[in-house]
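Below is one structure, written out as structure tokens; comments come after it.
Naming follows writing order (A, B, C and D), and every chain is counted from residue 1.
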Amino acid sequence: MHDGHKIVSIETLRDRLRDFALERDWDQFHTPKNLSMALIAEAAELVEHFQWVEGEKSHLLEDKVRPSVEEELADIFIYLVRIADKLGIDLYAAAERKIAINARKYPAERVRGSARKYTEYEGDDA
Amino acid sequence: MHDGHKIVSIETLRDRLRDFALERDWDQFHTPKNLSMALIAEAAELVEHFQWVEGEKSHLLEDKVRPSVEEELADIFIYLVRIADKLGIDLYAAAERKIAINARKYPAERVRGSARKYTEYEGDDA
Amino acid sequence: MHDGHKIVSIETLRDRLRDFALERDWDQFHTPKNLSMALIAEAAELVEHFQWVEGEKSHLLEDKVRPSVEEELADIFIYLVRIADKLGIDLYAAAERKIAINARKYPAERVRGSARKYTEYEGDDA
Amino acid sequence: MHDGHKIVSIETLRDRLRDFALERDWDQFHTPKNLSMALIAEAAELVEHFQWVEGEKSHLLEDKVRPSVEEELADIFIYLVRIADKLGIDLYAAAERKIAINARKYPAERVRGSARKYTEYEGDDA
């Protein structure tokens, strides 16, 4: 069993996932297409946790539920880092660019505090 | 407009997103429930890029497509970090735990290289 | 251009979709795998309509939004019928069986009216 | 327990689902918002079946897998009919309109047989 270093950055996580796939000869299955499917399947497990809960109450995770929500977030993170690695995309740089785009698209003084304004602009915001 | 520091860690990204929402008074909309919906909507936009492409070819992003794939990954990353922040979950620690779980579940010597073995165990693997 | 008969049943819809794909030589792309990706991408567009709206208010579609919600439902329906056709699955019979399963799993007298009970059983209910 | 009539049309399915929710006092949870989340969660379970399988092979469901794929399709169908009912949308009319839109958007003679053409137009096709 490979342990690797403690995960303290996206780079260490990326390397651990590379090793994990390599040891199992799983790279052949890890096409961006397949990984995008795996990622959305995990995202759906997250959604499932919240589907019948009121929005306000979704902040309060019960103790028995918390570990599995943590697992879903971990799964999404794992597949996200894996896809980014496969496609040679720098997640921080991409986030930086996207936040700049959103800042131009949703100027604070124009959209502040209004669900109305908010939903009009919905779709791709931070 | 807030610029903040260059994004070089999950903590700086988390802080930038906190500021972004605060400046727009958007925290009221950012329940874990709503954020999980936003995340899966972005995951679906990623899936859409690959839906008619063969798996092998999904590695090769055309130049005109690459920027939008980068944007989808950024969006997923942004919502993931935002949800983790709202729920007080440490993404690295969660990923560490999940990889340990996967390592026990899929011992390299048992599952190596076989799609057969792989799909039998499918569902939540790294 | 092919018009076909008015769509008044799943069978007529299925036949129209068969013709549509045949005329475009698209069957080669319509693997169950690809169609499942297309379906979830459409489901996500539906989710997107409701992501920042409060649950209660999600009943009230504004006039300008209604046509696009109708389109998302149509897209989901179209891909669902197409997958079922490709896999030789009878949707009514499958729904019939699933409702019977749910009826056993969630006896009315046990789960009635309680969100508490409801969420405990969450995951696959009608 | 309510049995209702055999399901042979969308209307009978819709009525069965109405009764099912009524008997359990679940209408309060069945907002379009929540139902859209439930639908996408089921769509993801379908995607999960195909995530590591090659496209061509996704036609061939093994006997042990078929019942659960049938269940996922049933779940998607159930939630789709339930949302359409809640929003007063006629699924056949909506599908009819969408196919007409797609027919104009993808003229057979222009898009025939080419993955190239196909992917250029990707996003919302039948």
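By our rule, a residue touches a chain if its C-beta (ideal position, glycine included) is under 8 Å from a C-beta of that chain, and two chains touch if they have at least 3 such contacts.
This is a predicted model, so every value here is computed, not measured.
Asks: Count the touching C-beta pairs: is A-D or B-D ahead?
Replies: More C-beta contacts join the chains of A-D.
Asks: Approximately how many whole Å separate the CA-defined centres of chain B and chain D?
Replies: It comes to 26 Å between the two C-alpha centres.
Asks: For chain A and chain B, what's the span in angstrom between their mean Cα positions?
Replies: Centres of chain A and chain B (C-alpha means) sit 2 Å apart.
Asks: Which positions in chain D touch two or more other chains at once?
Replies: As it turns out, chain D has residues touching two or more other chains at 29, 34, 36-37, 40, 43-44, 47-48, 50-55, 115, 118.
Asks: Chain touch graph shape: choose line, ring, star, complete or other and state it.
Replies: complete
Asks: Okay, in this complex, where on chain D does chain B touch?
Replies: Chain D reaches chain B through residues 36-37, 40, 47-48, 51-55, 115, 118-119, 122-123.
Asks: Mind pulling up the chain A residues that touch chain B in the complex?
Replies: It comes out as residues 1-2, 6-10, 13, 16-17, 20-21, 23-26, 28-29, 31-34, 36-37, 39-40, 42-44, 46-47, 49-50, 53-56, 58-59, 61, 69-71, 73-78, 80, 82-84, 86-87, 89, 91-99, 101-103, 106-108, 111-113, 115, 118, 124, 126.
Asks: Along chain B, where are the residues that touch chain C in the complex?
Replies: Spelled out, the residues of chain B in touch with chain C are 29, 34, 37-38, 40-41, 43-45, 47-48, 50-52.
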